[in-house]
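Can you keep this structure in mind? I'll have questions shortly.
Letters A, B and C mark the chains as written, and numbering starts fresh at 1 in each.
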Amino acid sequence: MRLLNQIIAVSTINLKSLPQRFLPSLSTIVAVALVVGVLLAFMAMAAGFQRTLQGTGSPDIAILMRDGSQQEVNSVITLDQVRLVGEAPGIVRKPDGSPLISAELYVIVDGVKRSTGTKANLPLRGIGADGPALRPGMTLVAGRMFAPGSNEIIVGQALSKEFAGFDLGQQVRFGTTVWTIVGTFAMEGSVFESEIWGDVRVVQSLFQRGSSFQTIRVRMQDQGALDQIKAFSEGDPRLKLAVTSEQDFFAGQSSGTVKLIQYAGWPLAIAMALGALAGALNTMYSSVAARSREIATLRCIGFGGTSAFIGTLLESLVLAVIGGLIGALAVWLLFDGASTSTLGQGFTQIVFSIALTPALVAQAMVLALGVGLIGGIFPAWRAARLPIAAAYAQG
Amino acid sequence: MTDFSLVLANLFSHKLRTALMMVAILIAFLIFGFLAGIQNGLDNVGGKAAESRLVTVNKINFTQPMPVAYVNRIRAVAGVDNVSFANWFGGYYQDPRQVIVTFAVDAETYLQIYRDDIAMAPDQRAAFLSTRIGMVAGRKIAERHGWKVGDRIPLSSNIYTNKNTGTQTWDFTLVGIMDPASEEANPDFILFHKEYFNESVTFGRDTAGWIVIETADPAQNGAVADQIDAMFANSPAETSTDTEKAFGQAFLAQLGNITLIITWVVGAAFFTILMIVGNTMAMAVRERTKEIGVMKTLGFPDGRIFRLVLGESLLLSLLGGLPGLGLAALGLSAIREGIGMPGLALAPFWAGVAVLIMLALGFLTGIIPAWNALRLNIVTALGRQ
Amino acid sequence: MSDLITITDAAKRFVKGRETISIFDKLNLTIEAGDFIAIMGPSGSGKTTLLNLLGGIDRPTDGAISFDGARVDKLTESQLSAWRAANIGFIFQFYNLMPMLNAARNVELPLLLTGLSAKERARRVQAALKIVGLDQRASHLPREMSGGQQQRVAIARAIVADPKMLLCDEPTGDLDRKTADEILGMLQLLNREMGKTIIMVTHDAEAARYANRVLHLDKGRFVEQGAMA
């Protein structure tokens, strides 16, 4: 209890004298805030990207692509294969007995990013009549669905916001063909919101793709259906298609980009943290030096070295926590929810929102506390070992 | 003893503090050096030669093909010296997740246009040109997979199907190894013959993925590009022609605004260091108030005191910054090979910018303490009142 | 002996808050070259201010100060700096050595203000350290020396540039009797053998005995012996 009282007394003296060392203390706070800010900006970008991809795709929809193609854009599927897949077991059928299936074409067209004015790869997806039925959660937020057989397209709302020229009612040119935007759709912030959709037969003809497709989507009856479809595809030499659930397919797309952002963010933040640590150590050493007379006087009265140690450490931790909170708050205010885009593994732009999660803030605070702890512990050790005679020394 | 040694003595009177400051500054310039190196790498994508080469792609998007007949029509355009073309093969070796950059090319013209980038032994080059199923690989790729010249290599495509076998795999003979012909070059890819591609794919025959053009005079690049694009206007496959460098950079821009991110990070790092060092310099000079008073008493003129203090912060900045820059240069050269970005280096321009920033940092952090030292009154400094 | 310093009707006033404090008014003093004067007086009598004026680190509010016939109080700041470097050696109570410089470098400081070569500077530093008996301690830092030794380094620093006048502010105030006597003996020697004019402010009557003349300052006025000035 006595020790606690001592610690409280010393900490109070330290913290109350903070305003006297305003600038050095402020520099520590700002330094830690910037470290936390840089780290969180990168991590929130990675988290936002990951969230968008992991929020895309349904577990009960299967995607079939040419084996080895990895991405929708690489795959090639013939009309015959589409017909064969329609006979596969385990897929949901419509009341008339025909399969719920959408054979799709995925071509890349150029768009212009609003924020930078630079060219960007955008996906134009030709979908079949059942396409929307295989996209649970999709809603038209403006306009109407494209009319089959026409040069009409609908665009994802994220794409429409991020890239120029995709507003409702506008016309866009892809090569020599002109398309009219008749609707804007939302789909729970998923990757699909970064796409342009049109009638697959029109896309086939205007892009000279004959009767070829790239992917097939079907709805599965139950969890076991995936294996049934796989076995069906394996068993027919005309198919040999790779079958994955849509959810797994998109989840697998995030790792590369997320790792790249994280591998850039952490070393940068740690390097900056070392710089901030140097500053924190300096601030605390000078704080101890400035209070050496007070500390020594307290020691004269009978205070223990422990209280001087903890009081100093606490001061450093308080500065670091304040800095960390300011950094996190700044990222939250400036970037959280802001939308941006990058090239996904499918070779097209994916629009995502920067997402600051509590887990990330916790990680960043650990880094801030680390700076405060190391930046405080050595000066605290010096404070605890300060010669008591310093109380009498002439200044 | 000189004024310089006085500055040194002052600077190292607090060894720990000075060491900590140097570490902080070192880190700031390490970050700067690294990010400047990356920026330099991005700026130099494709190397210097890329500025004199044009690339024609389909206007819809560069992933859309063009009729191969375009190649000969472009060859006839005035001001065009050499033309070649390539198709993206989407190659991989055994593991479909590990894509190897593989181009089906018109070999003779391609090697001619990239003569300053691709170095190959003359006999290997001759073997390549005469072997229909021959392929040449960048040295790093060959080493990674343990391939030797003469080996039979089955390479697969994640796009095309081989109509001869009904599979996605083609058999090639490795006939040559490519090395960079200049420092900016990085032939980290595989080339094989477009004839072999054309006769065996199930679709995509007689197309050109992109067309590479060498012009007679780089000053005429703009005019040549306009003429080519005008030639194919209103055709089913309109074109977009630009310098290879601009094309490369437009592609990189798709990853995101890297320059902006670099600017923000470097800005944040420097603001941090400026605060820390500025404060510490002010503190150091404040602590030496009495000593500065004594020096003035001894007759040191104000201007000289000012220069001594300013010299101290400048020296601190350089002592921390130059090693930081050096470390960045070493680090960049260490990862340059691994990443395969030849421009990833500390260019003289950026090193110069860094030294200017060091001087500015030293000046900014030292100017107020130096001014205070200059204005210091002896009577109050020594408490003689 | 000729007059080295003449103070004529000097006044010094400070404004502190709303009050104006007068340290002294119409102070007159003449000091001959080669003299060794002790100035005594209680705290607040104006001793330190007088020494500041004599050393050109402060200016009188009124009146004139002449050194070797030239007006010191009319010099600009930079002229004063050069004047101090050429004519005055300071010795302080707490030595005021640069903690990061060793003895030789501390002594060398005033020589940096001259155009002397490094070799010549080193020779003079060595000579000055020999005079104070510390030529074997040239590379020691102040914190590695006793108070008496530090004060001797300070004396070496004060004489190395060969000034005409030494100003000492309580030079033995921080030292024990025995060490104080050594230091005072050294000052006396400098006065007698090298002809340095010395003005020493002190509280210590024992120390004052080493001087040729003792002035008592009280409330800004010289009393007893001071009255004759």
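Couple of notes before you dig in:
Criterion: contacts are C-beta pairs under 8 Å (C-beta built on N, C-alpha and C of every residue); 3 or more make two chains touch, one makes a residue touch a chain.
These numbers come from a predicted model, not from an experiment.
Because contacts link the chains only in sequence, without closing, their graph is best described as a line. Taking the mean of C-alpha positions as each chain's centre, the chain lying farthest from the centre of chain C is A. Centre to centre, using the average C-alpha position, chain B and chain C are separated by 65 Å. Chain A and chain B have centres, each the mean of its CA atoms, that are 26 Å apart. Chain A and chain C have Cα centroids lying 72 Å from one another.
The touching residues of chain B, when paired with chain A in their complex, are 16-17, 20-21, 23-24, 27-28, 30-31, 58-61, 63-64, 90, 92, 96-97, 99, 156, 158-161, 168, 203, 234-238, 250, 253-257, 264-265, 268-269, 271-273, 275-276, 278-280, 282-283. Listing the residues of chain C that touch chain B in their complex gives 14, 48-49, 51-52, 55, 57-58, 77-78, 81-86, 88, 90, 92, 96, 98-101, 105, 108-110, 112-113, 118, 121, 157, 169.
Those residues of chain B that touch chain C in the shared complex are 1-3, 5-6, 9-10, 12-13, 290-291, 294-303, 378-379, 382, 384-385. On the chain A side of its complex with chain B, the touching residues are 23-24, 26-27, 30-31, 34-35, 37-38, 41, 66-71, 73-76, 107-110, 115-116, 118-121, 174-176, 207-208, 212, 268, 271-272, 274-276, 278-279, 281-283, 285-286, 340-343, 347, 349.
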